[in-house]
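Chain lettering (A, B, C and D) follows the sequence in which the chains are written, and residue indices restart at 1 in each chain.
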């Protein structure tokens, strides 16, 4: 486990450094990046197998006790999310290599190394059992995303980058304040110790901490009313970058929220979370309907879907948390795939604007199929993973008799479906409105892009097919999270030197 | 906890927040520098009362100030240093592109808002 | 810029450099026992290198490579303990008697700190470079690198 | 076996979808016909043998009770016969319908076969979730098929309308089934017992609405006429014979659970009766032959819903019989209309005429199917409608009046529109030129048209199919059977009167040129969708205005709000004014400089105040016992201030001015934020629930970490991972700055 944990965190960073040194040698640079991220991904799957068989495990970094040092905790929740997250980055990197010579490609000299840093940050954020290390991991993720977003320096990228950086910097500052509050109140920043000490606090301080971190993680996760930065910034980045952002970054926010708020038993915040969840779902879906650009529609969907995960969490029941985890696992790959398909569309239509494209289903049916599968999944239609995830969340809502939120969730589903038909009608049906040409792309690059997208679609189908196992695992992970004892024991006793 | 520190933290936060809602990137940058100070100070204050420098061959463990928040604060200083510099580079780029350093509004949002009237 | 035009300033920078580097080295090594450390050292080295570059006293350093090398070093130090079965970032301590500094108890923290220093130097140079300091220097000097 | 059949479909769908590049549409359609044909043959064999239900099960998500569970009871077999039998015929028909080089053959064939498979899954489903899964799949495939000719804006609209209405209905159904399953304690349809109470009512209403959207009940019927934009084989197959029956089937299989729920009967009856009448009126108002049939379908579906709402053994038996008969005659009629469309180029009854002579076979089929639809002997439709009237006659009170108006009134109108259809299309009129006959189109139509006649002749066989199916739903149905000659009963009298009145009405109306009707509701559905879009734009314009300062203000205010709970525990007893007097002095100096920095007009001045604040901070750090922090702070501050001056040196010296009202908002938000942070920190530190083991830390730092400077040991050892992350952040920033710098000056690569 020690080796595996280290690999997921350090290998991509090492690869990033190497790729940066090799910037003049495109082939070896790409190979190094792929190997680094690939190793981390493999290690994460090995962790899933290990933890599934042998239970949660802890690595004490530098061999220090939890009161003094940092621990990395591979519990079921972490090792469920990690492989999917890393696979996404790997697939996107492959796509990016294919796309690099086109107008929408990120600068390959930088995209690889930065994705490496991002990978390291994501692994760290998922595995860490320490609140401050979580902050550092967030910064790693954010700083690489800042650079990915702005490195081409176009005017709208700088503008949107400014929005993105400022909002996230403010969130980071709030995070630091939050660490200060937590440390002042409990004398520790170790999550396991916090799980013991936060419930002992006076209720005002306890709920204050919960609410404060709800805002912090809520900004990263883009919940209402803190989401405005997302649709303004994501669509301006190169498609591959947006795909990673949309698939991962907000999800790390919701991941942290699920971990923090269930471990520290913030059940009283449930009702307010449900209200926010409902508004987020509807406002996000309405936002998607209002847009006329694929990437912006998809960006607003991210927000809407975060609402469902928040709903699962806000129910504060075993079934609800299970639903939230399942939704998270489903949403990451599906969202990424949709953006990758968005990239393919851009490549073939010469634009991502709905009004300027059309008739692609007849000209390029493969893209239509690649789009339809994740789109139906996102809209929550069977037999895809999105249906199972939404079903799990909604039936958890019915179990808790949370009628209002269930009604809102169903209503938002209709809006989502409508906005998906908007893309479908605009891009795949009708006729091509203007004569924008496809972006010239070398055949093997194009093949690489299609292969990456196809791989990702196959991945989402795999999740759909094995939804039963994924559900069972999510359920176990949710139970572990909700009884914080398991986590505390893992960290304090189950240490592995 | 000392009111003087709380006053500094609150004061820096207030001025920082005021500045980051400005249109000029230089002001936003200043604002984040101040907010960073406030956060660092809050971390430091969260560790308890002041004491001797946490260097073992100079003071006994009983006299020293809590070193953990110092370490956290140091990390925070460095990170906010890095990000401030990045903001600076963004502001510089904006200046190259547009001649000033004002933050622009999102055009697509405006277009959609106008479409409703 | 003034630095490149004025021989006095150039002389000043040239004279101050060794001293500043000494201070940086001290900070780097003393960190474990006294205030200081790789970060502070890096800032000092970075400032020196930047001043020297601006003054035309040295060729611009390949900042990207420096940063990358620093990152690689830090990452290698992080994984090295795995070779002898320890968790990552575990310390190996060595004691040594070094002239001027006295008995130094150090270990894998030292290469780690050197990596940190490299990154920080790179960052400082990148900032001054990115913000246009070199441009300013080059536009005001008729022939760049006159001091070679 | 069920798996084999389904797998056959799926494999064929994939193969067909993938071979569009090589094979023409007619070949593809012919290949697609194989799987339904095989299924239909299997179903016939099963029916003839009278073997018990085949059950097949597959767990998917056990924890949620999601999975596939099929059971082919008598009802399912009857439906299979319809779905696959008509399906196979429609595929054959389509090979004639499309021209040999029609584009998108693979897409069409695969979608249609995909639909066929989905429909099979739906009729075999024995778990509510299996049913739901295939229910949604039929909506999606229907969307694709309706939008086949999608270059037309109107077709797109129609497809979207159909998907949105059935999709929304699907979600309502999902809610209904969730309530039903949790109330009944099982998801297996055959195991669901009766449920009641308020949960029962809620479930019943939700299920009813779901069914009504799919089965095109008024007011949800508006998608069905639009769906006629699909190629005629699709209309015949999905939108008359099979998919629209899904809602009816749903009501049939869940009806048992809702026996005690009064609302189920009342609301169902309301849907049904309204649809019977309004659908028939719609059929009388249209001139497009296909739309006449579509509105007729709405009416007939209303009849089925009405019968199922009555719920007696007789009514259920009648419903199953009408369902069976309707599938046959309506499909036949659609196929004929499609043939007319292809051979004459129009479907407008004003432009058609004299086709009885020019298309004698089509006329014969239309006559047989039409009369069956009208309920005239000697056709299957007659026997079925007789049963329906019989069921109404047995009722009493209000139910009888409502159902009577619906079924008898509806029947009169049905006869009327049938007569109008037959007379205007085939009777005398303009001399329409007719193209050559296509055998592939004629054959399926003849088979389906003849089925009504043969069915009546061999009524015993039909009874053997229909009766067990009805018994599955209601054991009381066992007492009844379809009769070739009912005798001079009240029902027969009514039947005869209906035929005469209807024929008279139809004859009269067919002589009047119908005025072009309004879209009859479709426009309001589109308005609803467009209205949603416009609400979406308005809401989005509110929340997403694109201005960064406003976003920041919202976020900071939210954070201040989140800090409110802290103030409940605010306790000042642990506060001291200052740790040292110097601390207070520095505090005032720092805040003073910061405020000065905020209001100073020049950029250089601002940079200097920043430096002053940083220096003050170093002082505070020294006072607090943090020399490392002080040192780092000073160095950092220097670089930042220099960077600020160098980097922004090209800008105007003065900041742009700030406007008035906005300033107040900003100030308020900022002050609240400052108070929130300070107050929260004070509250949090009042009563800590744990402490850092500082002494242990000090000892371990020396012994394990090998350093005296504890802060440094923490940074490079205990929390080295943080430091690692921190320096990678710095490295990334450096890379980012270089990237931006190199853009400006491409030659100056680093």
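The rule is short, and it goes like this: a residue touches a chain if its C-beta (ideal position, glycine included) is under 8 Å from a C-beta of that chain, and two chains touch if they have at least 3 such contacts.
This structure is a prediction, so every number in the text was calculated from the model and none was measured.
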item: C-D or A-D, whichever has more C-beta pairs in contact; value: A-D
item: Separation of mean Cα positions, chain D and chain C [Å, integer]; value: 61
item: Computed distance of Cα centres, chain D from chain A, in Å; value: 25
item: Centre-to-centre distance between chain C and chain A (centres being mean Cα positions), rounded to whole Å; value: 37
item: Centre-of-Cα separation between chain D and chain B, whole angstrom; value: 47
item: Multi-chain contact residues (two or more partners), chain B; value: 1, 20, 38, 40, 42, 45-47, 53, 55, 57, 68, 72, 74-75, 78-79, 82-83, 85-86, 88-90, 92-93, 103, 106-109, 112
item: Per-residue overlap in chain C, given as positions that touch at least 2 other chains; value: 33-35, 39, 64, 67-68, 71, 75, 78, 88-89, 91, 123, 127, 130-132
item: Junction residues of chain A, two or more chains touched; value: 13, 17, 20, 61-62, 113, 132, 136, 139, 143, 146-147, 150, 153, 162-163, 166, 170, 177, 180-181, 184, 231-232, 290-291
item: Chain-level touch network, classified as line, ring, star, complete or other; value: complete
item: Chain B to chain C touching residues, read off their complex; value: 53, 55, 57, 74, 78, 82, 85, 88-89, 92
item: Contact footprint of chain D on chain A as seen in their complex; value: 13, 17, 20, 61-62, 64, 67-70, 107, 110, 113-114, 117, 120-121, 124, 132-133, 136-137, 139-140, 143-144, 146-147, 150-153, 162-163, 166-167, 170-171, 174, 177, 180-182, 184-188, 193, 197-198, 200-212, 214-215, 219, 224-226, 228-229, 231-232, 283, 285-291, 322, 359, 361-362, 365, 369, 376, 381-383, 387-388, 391-392, 394-395, 398-399, 406-407, 410, 413-415, 417-418, 421, 425, 429-431, 467-468, 471-472, 475
item: In the complex with chain B, residue positions of chain A that touch it; value: 132, 136, 139, 143, 146-147, 150, 153, 155-156, 158-163, 165-166, 169-170, 172-173, 176-177, 179-181, 183-184, 189, 231-232, 235, 290-291, 293, 296
item: Touching residues (chain side chain C, partner chain A) in the complex; value: 64-65, 67-69, 71-72, 75-76, 78-79, 82, 86-91
item: Chain C-facing residues of chain A, complex; value: 2-3, 5-6, 9-10, 13-14, 16-18, 20-21, 23, 59-63, 113, 496-497
